[in-house]
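Here the structure is laid out as structure tokens; the discussion comes afterwards.
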Amino acid sequence: MIKERHLNIFVLGLLIFVPIFAYWNDQPFTITLMTRAVIFAIAAVGLNLALGIGGFISFGHAAFFGLGGYVMGILAWHSQNYVTLVEWPILIEGTKSMPIIWIITIAASALLAAIIGMISLKTTGVYFIMITLAFAQMMYYFSTSWSAYGGEDGLSIYVRNNFPGLNTLDPIQFFSICCVILLIVLFFMGRLIKSPFGLALNASRQSRQRIEAVGFDFHKLQLTAFILSGAITGLSGALFADLNRFVSPSMFSWQLSGEFIVFIIIGGVGRLFGPVIGALIFVWLEHLIGGISDYWHIFLGFILLAIVLFGKGGITGLLCQKDAQHE
Amino acid sequence: MSNPILEANKLCKTFGSLVAVQDVSIDIHKDEIHAVIGPNGAGKSTLISQICGSLSSDKGSVFLLGRDITNLPTEKRASLGIGRTFQISALAKEDTVLENAILGSVGASGKHWRFFNPVLKNSILRDEAESCLELVGLKDLINLKTATLSHGQLRLLEVAIALTLKPKVFIMDEPMAGLGSDGTKQLTEFLDKLRERAPILLVEHDMDAVFALANRITVLDYGRVIASDNASSIKKDPEVQKAYLGEG
Amino acid sequence: MSFVLIAEQILNGLQFGIMLFLMSAGLTLIFGVMGLINLAHGSLYMIGAFVAAAVASATGSFILALVAALSAAALAGAIVEITIIRKLYNRNHLDQVLATFALILIFSEGTRWVFGSFPLYLDAPSYLQGAVTLPGGIQYPLYRITLIFFGLIIGLGLGLLITKTRLGVQIRAGENDREMVSALGVNISKLYTFIFALGAALAGLAGALVGAIQSVEVGMGEPVLILAFVVIVIGGIGSVKGALIGSILVGLTDTLGGIFLPKFFSFFMDLATATNVGSSIASMSIYILMSIVLVWRPTGLFGQKV
């Protein structure tokens, strides 16, 4: 058995040295694969706040992922085609600047999470699962029917967006941007879990009565967590669209919402690095098995069934059982 | 007589055709322990839930220090000064004892929306939580997972969390339930002193504890108050004996 | 807009709703009795459609295809219940979601592996092709009318099964109190397998019936599954009556919204924009309906209050 902290350090090492190694050996594809994993990790870290700490199972986080993708896509599309975004009451142009796109993405995802959260957090349990799934599906159909931004075909961006001082088209530089964002998100999440808010959110999962008896507003607590969670997942969506230079309704698909949950389960629910480990393993397996067989989802299905039926606590739980008990 | 700390006026609650609580009025004054007793199903738990806000009342009103709190949600009542302990422990079982207690200090401090600084490193909140745990005798267990505590220790932790809230009034739902005779004796001694901090509304089945502690006793039966007086008068009340003590 | 067009659209919505009901009835029963959220219900719908298409093309008989679809889905349901689902009843929702999500992956890729990636086609039998003239001069496809009646008969049969038979008593008792059912000496695990297979059979039947209107392809089950979720959230989880009313509401809202909203917007904007905005909002209409119901009644129209 190993300490969870040591496992986390090992994962951090992987995140940094695998791409450097790939860079030296001129394997840009490996770097792109790592970038994909890192972006998925950010999405899942966001979801883990709602699902793992708050305990409300959102099966619709692709709504935020896709929204992030479209915010990026729409802003960049207007910029590359020299079409103004809004002419009245104030003139707003598109943009190709990543930092600006990110800020708008975070705000838009937070707003969407506030709306979805206000309606769906009135319910609990299975209702919540189904309703979040339904809202993500609503975004999916909305995007397919909105022909101004490509409808079912989605939007292509010719050139990756800009970041001051970096060449974002270089795989290692774009990877570094995504990786730094992941580390920043993890740092804040690590602080958040231990903060008064995190402590209360964690307790609210275990006993609603307790949290109210000490004076916390249960609904505000959950809604705040849901908004933060949606904003983080939304940000990852903007990065994902930038990675592919393409956004389409498939970023809203229910399969993605399911895969985000899978990342968390593989890695370990409620653990800080769980989603990161899960996303890394998922992308690696997808590449490995997907290279051998066209039907890799069958294997994924069986692996997942085995984890649910026989393994508890995911990879982190498997490796760090003792640690968790003694904590 | 001074103004009551907590006052409930003619509370009513029905579930379908069942009348759980009917026109129950009760008040708690400074420095006293006011016990509520009655057979199972008499409406004691419903009454507590109405006072604490986890159940809404059909009729009647609740005042805390003269302020109408009848329509406030549970968390608002808690932050205004109602410190409740639960009959079935409502605790974050996966967290440590200290984390549970510090949750109370955070709740009472009003610093709910702090997202960045580790709460366990906040010495003010931590000291408060630790001193409350020390008062109930759980000081040595602060780093244990709550799930590993014994039944009696869980009850004490409930009391400790209520203490961290620095409430104006304690509302305790069967704190002695399931404690051994030693535990009951210890908790009785503790509550006896606790009334100086804030008065206690005590729902309890253990009659020895009730008669040892209570300044006043209200007896409920079928959702109604059938008697309310000091301990010795209650003991002699024929209606109470008929309905409750079964010595008719 | 003519009366005939409106009547046709109402019938379309009704037909869509009735097919949704076949899906959601099983889903709501499985949740109500066993407390299981089953994402793989859409896979059983897909299995029904594929088996029906395969049997119809091999034998040429539509009836045989329907019987085969129903049996295959029921069998698949029973096997899955006995091997996997049974272990999930006492698990939390997260485990149920993940395990049944895994089942979707296995079923979908398995079907792709067996039947390939190209869609199959299933034709309505010749005696149900063509149109009938309804009162008021409405021309409507005979097959769709048959679906509406067929679905209503099944709904009626299901209602009778639950309210009038001994099995129905057990099902209703199971919804209220599981321990009581086993105290009554009912073989609980057989009852659960039966209910799961019944739900699967209904889903498979729906897949086969719809397969004659749409193409039969991998992934056809999940959009319907999610709509069925919307239905049972609106109707209230566990309530078959709620599922029926929810289905028809969703069917009508979806169909009529797609037709009338673009027209509605064309009153105050140009046609192209109106079509665009109207169809975008129409695509959201059933979710808006769901939100309104939830704000009003958080446990659905006929759900038990928590």
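Chains: A, B and C, in written order; residue numbering restarts at 1 for each.
We adopt the following convention: a contact is a pair of C-beta atoms (placed from the backbone, for glycine too) under 8 Å apart; a residue touches a chain by one contact, two chains touch by 3 or more.
It should be emphasised that the depicted structure is a prediction, and the values quoted were computed from it without experimental measurement.
Of all chains, the one whose mean C-alpha position sits at the greatest distance from that of chain B is C. Remark: the per-chain Cα centre closest to the mean position of all protein Cα atoms belongs to A. Note on chain placement: the centre of chain A and the centre of chain B lie 43 Å apart, centres being C-alpha means.
Between the CA-based centres of chain B and chain C the separation comes to 50 Å, rounded to the whole angstrom. Averaging Cα coordinates per chain places chain A and chain C 31 Å apart. In the complex of the two chains, the chain A residues touching chain C come out as 51, 57, 59, 119-120, 122-127, 129-131, 133-135, 137-138, 141-142, 144-148, 254, 258, 261-262, 265, 269, 295-298, 300-302, 304-305, 307-309. Partner chain A is touched in their complex by these residues of chain B: 52, 54, 73-76, 78-79, 84, 86, 90-95, 99-100, 102-104, 106-108, 110-120, 125, 145, 161, 164-165. Residues 31, 37, 84, 87, 91, 93-95, 97-99, 101-106, 108-110, 112-113, 222-223, 226, 229-230, 232-233, 237, 276, 279-280, 282-284, 287, 290-291, 294-295, 298-300, 306 of chain C are the ones touching chain A in the complex. On chain A, the positions that touch chain B within their shared complex are 188, 191-192, 194-200, 202-203, 206-207, 209-218, 221, 224, 327.
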